[in-house]
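Going in written order, the chains are labelled A, B, C, D and E, and every chain counts its residues from 1.
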Amino acid sequence: MNLGKVVGTVVATRKETSMDGLKLMLVRYVDIEGKETGSHVVAADAVGAGPEEMVLVASGSSARQTLATDKRPVDAVIMAIVDDWSIGEEIKYKK
Amino acid sequence: MNLGKVVGTVVATRKETSMDGLKLMLVRYVDIEGKETGSHVVAADAVGAGPEEMVLVASGSSARQTLATDKRPVDAVIMAIVDDWSIGEEIKYKK
Amino acid sequence: MNLGKVVGTVVATRKETSMDGLKLMLVRYVDIEGKETGSHVVAADAVGAGPEEMVLVASGSSARQTLATDKRPVDAVIMAIVDDWSIGEEIKYKK
Amino acid sequence: MNLGKVVGTVVATRKETSMDGLKLMLVRYVDIEGKETGSHVVAADAVGAGPEEMVLVASGSSARQTLATDKRPVDAVIMAIVDDWSIGEEIKYKK
Amino acid sequence: MNLGKVVGTVVATRKETSMDGLKLMLVRYVDIEGKETGSHVVAADAVGAGPEEMVLVASGSSARQTLATDKRPVDAVIMAIVDDWSIGEEIKYKK
């Protein structure tokens, strides 16, 4: 999984019908220090993530292993909201 | 999923027979500001996208989770046409 | 899928037995203008592609969705031979 | 699989329920000499890896082929703890 | 698939039990001229490859489509030993 920050939303009315009801979030990936890396992804939201929250994104077929995304054409999903992460004893991010 | 802009089409007569009837689009990926990044993909069209439209592309096995692409050798699909996206309160793209 | 040009062949006698009879081609990826990008892949051939032909390569699990590659350890397949592609009204490649 | 070093942990309370009980580790990838490459991944732990241990990470759908990760939205798993590796006769890393 | 050269081995005693008996090889990827590119992968060996041999590596879910790797958390497999490859009429590598 990759660490990222929710920075926005994407709206799409015309889409594969199985996508109906799925919320699409713009997520910017962050590095181990929590800094944005410059790359991003549009991910389906399976956990009710809000703006500016740090999240985990699962990609590929694993993105379909949530109740919200099962059998849908989704290759990236927010499957967790991050409380904190540490390197060794040092807390690098805390909500 | 990744944001991209439909810039062209690809024609292929000789192909795996399951590909018959699928429309193949040239899509240029764009960044979060809507600017083309220089990388591209050939994606099957599942939603009737037209030239210059901003779209979402799903990749990998997820590209086969549409009615149009099921069980076909397709690793990228246009599964939504984007109306708009925002970062925070700022609209970055609007159709 | 990615656009590429068939530039050569790979011969391997000792291999997973399910690979018997599959033709392995060296494909160089090309950009949207048809210029080689410097990266390549070894792809199984599902459509009888010949040297110098422009082709489409599907990657990942989608590479196994052809009659020739089903259930084989193949992560890239030539699933179409390209006739032409255009950007807007401009033909960028024609066979 | 990729070689990496466990450098930290990620805590997430709000998550897809199937993630409950899975330990999430921050892994920094290393090169063939054992030096950190600067890229990282958040991987589920299937083998009880501890801090500073060298591990193998499997990605994509293969990350779900462990007892701990089966059918979960996990795209990276620690599936082995490395004892040592060699290039030719030279041991490059030993626990 | 990607061309690579077997340069070493990886030993891991503590691992997902389904990995028992699988040989793990360090493979350095090579370019179309046979030169090492600097990137590497740890691949399971399905064909009895030896040191310094040029091989083909299949990645992703396709890495599980061999008798040796079926249903295991393996995302890269050596599924062929290369005899030779050519670009046009020119042999670039011969065993």
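Structural remarks
Convention: a residue touches a chain if its C-beta (ideal position, glycine included) is under 8 Å from a C-beta of that chain, and two chains touch if they have at least 3 such contacts.
Everything numeric here is computed off the predicted structure, so don't read it as measured data.
Residue numbering at the chain A/chain D interface overlaps only partly, since under half of the positions present are found in both copies.
Each chain gets a centre from the mean of its Cα atoms; for chain A and chain C, those two points are 32 Å apart. If you average the CA atoms of chain C and of chain E, the two centres end up 20 Å from each other. Shown for chain C are the residues that touch two or more other chains, namely 60-61, 63-64. Order of chains around the touching ring, counted from chain A in the direction of chain D, is A, D, E, C, B. Interface residues of chain B facing chain A in the complex, by the touch rule stated above, are 1-3, 31-32, 46-48, 56, 58-67, 77, 79-88, 92.
For chain E in complex with chain D, the touching residues are 7-16, 18-19, 24, 26, 28, 40-43, 51, 60-61, 63-64, 71-76.
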